[in-house]
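Next up: some structures, all given as structure tokens.
Note that subunit A is present in both complexes that follow, paired respectively with subunit B and with subunit C.
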Partner chain A sequence: MVTFAILASVAVIGALGVVLLRQPIHAALSLVGTLLTLAVLFVTLQAHFLAAIQVIVYGGAIMVLFLFVIMLLNIEHERKEVQPWLRWAAYGVGLVAATGLIVGAMLDPRQAPDHAVVRDTLQGGHPRLIAEVLYGEFMLAFQLVGVLLLTGMVGAVALVQRPRPQRTSAMIDERRKERASDALEAGGR
Partner chain B sequence: MDSLLATFVKALLLAAALLGAFAYMTLIERRLLGRMQHRHGPNRTGPFGLLQPIADALKSVFKEDIIVSKADKFVYVLAPLISITFALSAFGAIPGGPAGSLFGYDPWVLDLDIGLLYVLAVTSIGVYGIFLGGWAANSKYALLGSLRSSAQIISYELGLGLSVLSVIMIAGTLNLREIVEMGIWGVSPLLWPPLAIAFGAFVISAIAEVNRTPFDLPEAEQEIVAGYLTEYSGLKWALYQMAEYVNMMTAAAFISTLFLGGYRGPAFLDQWIPGISEWPIVWLVAKMAIFMFLFIWLRATLPRLRYDQLMRFGWLYLFEVALGATLLTGAVIAFVL
Partner chain C sequence: MVGTEAYVTLSAVLFTIGAVGVLTRRSAIMIFLCVELMLNAANLALVAYAYQWAGTGLLTGISGQTAVFIILAVAAAEVAIGLGILVAIFRNRASTDVDALSEVRL
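Showing the complex of A and B:
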């Protein structure tokens, strides 16, 4: 329980850092910290496989790409002044959402399962168990998610593709003239 | 299972051994490169230059530790620490011998069911060291180096992951010790071609992952000074060097463990010296030495790839070849065996 309290507070502090830190790189690093803390939480539940996947996918791939994009765009100096009313509206919405979450959790009659129960259900988060669920029960969903990701990727490639340079008639005329003068020169020799 | 104290002592010993090996690998590398390039290499400090690493270490400690004034100080200091921490922790999951063979103790620090994924996960976090170091130094060369390194490591992780899949499919486990014990080459001769392809793809990806020539673009000194290392000096620079060599050793040990039987020695030697193939650590170190030599040999032989060649090779050839090996392995297992 003490471990959980420490890890949970580190995760929450990291998550707050993502929102509150001004420097985008620091915010992204803070998110990495949160994700790694979550992985450690999985380890305390003996779900080693989930923890490793969490680190590989989120820590090793997704966040590196995040940082890559932040560094590439170099957005650290873009600090726009926001409308004052927008800031207050954001505070309000955040407050309402947080209160809703806490009240919802308090009103929920279900008891949070015991640490031991969670651990037994996960059964060490063994890859074989996860594979059976993922490729058995949720096969269709799994495939659909794959198609969705592919669509997203194709869309991203389509978005960044530069339009082909249009050949205007003026350009073609110019090239024809060039070619004609080249031919004249060659003939003159 | 060993007690917590024994595990702790083993972890300390492993870290010390890795760092000691790092110091002497620098000497071995420079001497070998010297030989391959028809020059002497360091041979003045002590017999055969054996005291050179100590002199280098002292130099690094006493050098002025410069923190660039425009640097992001926190990240600048954090980055080399990330590199060395994750480099050292990755090696812990690699088994060095059969259970209980090291004076009654197990010759590994961690025996995880997901040992293979653990090594991949920890090494993939190590990229943050290079990446953040280059950014925090606030210099264009360092930034270019770190952008290159992240793109390269992400690209070659695909080849690495896909070529590992063949081994996982054959072994049916992610536990490195069990992979070594079952001996993946002994399952069926039909699996040899895909395994050989996967082995080749894995070695190439591993070299790219540890940023060695011909894939050392993050620190290409003719183009971007020294890449992410440009603004580092003294101890922090030494930490990066340590991380690079420890990563090389982890890669060598990982390749040996996955594809070459790890800590197991050739069994025919047992008829002369009984039990020699079961000796802990010896065989793993011997196999690692072969790959370390290969890395140095490649550095003396091959020119560096251009950036577009690197990307094309990774995405258009290595990725497809590794995928092909995976499909072939799957097909053999599903339809023939």
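Showing the complex of A and C:
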């Protein structure tokens, strides 16, 4: 109970930091805090493998990519704000949606499962168990994700590469002249 | 041990914070960060329900965790493509303000 309270408050504070902090770098680091807290929450839910993957993939790869792009583009904090009424409308919508979801979750309380039974069943989300389901029930999804990752990789490379300067005949002539003069100099020596 | 509804409540709070961020931030990269937050909130709910229903069978519990695994892979692909588009836009416009990109629409 105490563990969950501490983790939940840290996660919510980190999430608020993502929304409220001005500097993109600060917001990204705040999100890293939330992601690591979520990894610890996964451990309390008997998903040890997912916790490790969360730290490696999210905390490592994805957030490093984010920070890299933020620093590469040198994005400054937002100068203009959205209109105040839009901001307050968003806060209102968020409050209403959160309240609705929380009330919905609380109205349907379930008997908490027996921790010992769940621990014996899930075995901490052992990679072997996950692999059996991933290559069995989830085979189609697994292959589609493979195609998606390949498409994403090719697409990202195609998006960020600069177009090659078109070779015009003038450029080629110039290059040829340079080469000829170089050859003359070399021969003169 | 707190009940599943506590985890689902935390997931709902994180999701709505992310949604508010998508609505109120202007920079495209901040909107991306908030979308990541929403994806993670959904992951937390899936893992919590996997824990809740693990007693009814191994397949039920592990399926939830495997779905989270697949969502992680999709998120990685989405980030790679999204940041690629951002870099391409920034190269042309020197800005990632989404309101300034209105000429993209039909």
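Basically, the second predicted complex is superposed on the first by the 122 of 189 C-alpha atoms of A that agree within 3 Å, B and C clash if a C-alpha of one lies under 4 Å from a C-alpha of the other, contacts with A are read in each partner's own complex, and residues count from 1 in each chain.
Basically, a residue touches a chain if its C-beta (ideal position, glycine included) is under 8 Å from a C-beta of that chain, and two chains touch if they have at least 3 such contacts.
The structure displayed is predicted, hence computed values, not measured ones.
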item	value
Which superposed partner A:Arg110 touches (first subunit B, second subunit C, both, neither)	second
Partner chain(s) touched by A:Ala61 [first = subunit B, second = subunit C, both, neither]	both
First (subunit B), second (subunit C), both or neither touched by A:Ile25	first
A:Met71 touches, of subunit B and subunit C: first, second, both or neither?	first
Partner chain(s) touched by A:Ile53 [first = subunit B, second = subunit C, both, neither]	both
Which partner, subunit B or subunit C, touches more subunit A residues	C
Touching both subunit B and subunit C, residues of subunit A	49, 53, 61, 65, 72
Residues of subunit A touching subunit B in the complex	23, 25-26, 29, 32, 36, 48-49, 52-53, 55-56, 59-61, 64-65, 67-68, 71-72, 124, 126-127
Partner subunit C, residues of subunit A touching it in the complex	1, 4, 8, 11-12, 15-16, 18-19, 24, 27-28, 31, 34-35, 38, 41-42, 45-47, 49-50, 53-54, 57-58, 61-62, 65-66, 69-70, 72-73, 75, 78, 80-82, 86-87, 89-91, 93-95, 97-98, 101-102, 105-106, 108-110, 112-115, 117-118, 121-122, 125, 129-130, 132-134, 137-138, 141-142, 145, 148-149, 151-153, 155-157, 159-160
Subunit B - residues contacting subunit A, complex	72, 75, 112-114, 117-118, 120-122, 124-125, 127-128, 131-132, 135, 143, 146-147, 150-151, 153-154, 157, 174
Residue ranges of subunit C touching subunit A (in the complex, touch as defined)	1-10, 12-21, 23-27, 29-30, 32-34, 36-37, 40, 43-44, 47-48, 50-55, 57-59, 61-63, 65-70, 72-81, 83-88, 90, 96-97
